[in-house]
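I have placed the structure first, in the form of structure tokens, so that the comments after it can refer back to it.
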């Protein structure tokens, strides 16, 4: 038995690409949740002290514990409250919430980097609160944090395979399936790894270029 | 190896047709000069005229783009191997560099070591001195610079003037033949400048070290040096004894520069 | 909450595996971070390229894929199966070492050029400059990002439940949930709290080490580093 069989590799590639589609869907939807929820957390984090403390505690708790356990938590706990969702939906929710705690820190740094004078000017003009955020602060903060957000999308993409824990048939799920049927794991897992590299490496190069072009708060 | 007599006879520092560019910017062009053993030479001139680059080239912190620099008859960039002139290797560079010490504008003390650590590090590790010997020398040098009681302090606990004194002691601990001083008082508060300059004058008069200094302190340049070189646009435009250069400068750029500096 | 004692004792049975994987993974991460990080700064192009391939290769592929590759593909290639916990430590170390290499490289480069010049002026060798002057200062800068990386590694140990290592996540998901399904909420909350405590322990140790390292270079830890040292994602 050869270690590497090209025709077998070619044969399983369509199944892997099909799995990759699921991985990408989960990443895109998860990122959207992370972008929106992270912004909400960042803005709440600037609210009155009790709100700030609660938000901070939740963010720290989620960041300090494994995504996989949070996936299981939603998957097994939601049904006990009568909420039964498809596995992929649960996975997207968990990814989104987990990464929202990361993106909230990114937004926070971006908002902190908006000069004090900008806030003072909005006060001087008596701008309504909503307009302060949408018209002045966020348009300055968000472009600066785009590279950091991009990095988290790439991170999430690479973490998505842990959704096989709840039976989401993404790329790694497909690999287990085809590898398990034929007991040929080398081609399957090597191809899966290469597919990740093929997508994430150019993406991270692109983010690095974006980083160099804009001054990014760390 | 040249004989001892010959070493004394030949210049300590030789710049011969030295070129240095940063990108398209020519910092030094066709620069040639010599410094005799034990001579004190100050380089003066407007900022960006290439003075500091000369010290950095000598200390091998920069590489020159043309020409040769020699110290005590040995080239910094080339060595003789089997009778042929070949590019210098690390060992050759280290051998030549052993003769040279440097004091920096920003002191460059190591914050991860105490004052003692800064002073014994190179003597023990580069010269192979014993710890006892290096410590004795460190104590002696700190007394000389007036900081005998601060041997176990951290550099961050010292004032700028004290840090610069430690940096001077650290350079002297290596027993250099040549000492390069790169605007050593520029980063100090005005009231600390005089003390450091006095220390340097004392060292200059009590040792036979060859000094090459870049300075903006015209008073110091005048009474410390045997020779002053006025730099502008990467060239030596005037090279004379201080009495002559400061009282009757020949070049009009020198006159303008001195006028501007003294007026301030 | 009657079954709390049972939950605790079943989860605790997995604790040794979680801790061994974390500590082993951290040790391997430190070694690989320094080797690969210094290699990224090597003057030899070959060394730099090899290290770059390791760093980008491991950062570019998914950790879950790496785990399965080592468990299922590697045995086919080498002809024997590695003891699971060792294979787990290997994956954790290889993966996080690639991120750590960038931390080491960045910290070494953040040491002011003037410090290296001071060392050259004293004629220290390149090795002495790195060991005696640059690294002691760089280590202080490395502490907060390494704290984040180690917490990331602790969280990654939960992935080992996929390859039959009976660490705490597997204990919860394979042993407790099937028997006490209606109490999934309590089981997983308890599990999450255990991870939280472990990550707090890592942060406490790293903060202490950072203080020691900072004192050695005559500094206090900066406000920035204190804020960063609270477990964040690695991109």
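In order of appearance the chains are A, B and C, and numbering begins at 1 in each one.
Quick note on the criterion: a contact is a pair of C-beta atoms (placed from the backbone, for glycine too) under 8 Å apart; a residue touches a chain by one contact, two chains touch by 3 or more.
Note that the coordinates shown come from a computational prediction; the quantities given were computed from them, not determined experimentally.
**Student:** Could you tell me which shape the graph of touching chains takes: line, ring, star, complete or other?
**Tutor:** Basically the chains just string along in a line.
**Student:** Measuring from the mean of all protein Cα atoms shown, which chain centre lies nearest?
**Tutor:** Of all chains shown, the one whose C-alpha centre lies nearest the global C-alpha mean is C.
**Student:** Quick check: how many Å separate the C-alpha centres of chain B and chain C?
**Tutor:** 46
**Student:** When the centre of a chain is set as the mean of its C-alpha atoms, what distance in Å lies between chain A and chain B?
**Tutor:** So the centroids are 56 Å from each other.
**Student:** Using CA atom averages as chain centres, what separation in Å is found between chain A and chain C?
**Tutor:** Chain A and chain C have C-alpha centres separated by 20 Å.
**Student:** Quick one: in the complex, what on chain A touches chain C?
**Tutor:** Checking each residue of chain A against chain C gives 3, 60-61, 63-70, 72-73, 76-77, 80, 99, 102, 105, 148, 151-152, 154-155, 157-162, 164-165, 172, 175-176, 179, 185-186, 188-190, 192-194, 196-197, 200-201, 204, 218.
**Student:** Can you tell me which positions in chain C touch chain B when the two form their complex?
**Tutor:** Its residues touching chain B are 114-115, 117-126, 128, 132-133, 136-137, 216-219.
**Student:** Spell out the part of chain B that touches chain C in their complex, as residue ranges.
**Tutor:** It is residues 59-61, 90, 94, 97-98, 100-102, 104, 106, 108-112, 121-122, 125-126, 154-157, 170-171, 174 of chain B that touch chain C.
**Student:** Enumerate the contact residues on chain C facing chain A in the complex.
**Tutor:** On the chain C side, the touching residues are 56-57, 59-66, 68-69, 72-73, 76-77, 151, 154-159, 161-162, 169, 172-173, 177, 181-182, 184-185, 188-189, 191-192, 195-196, 199-200, 224, 230-235.
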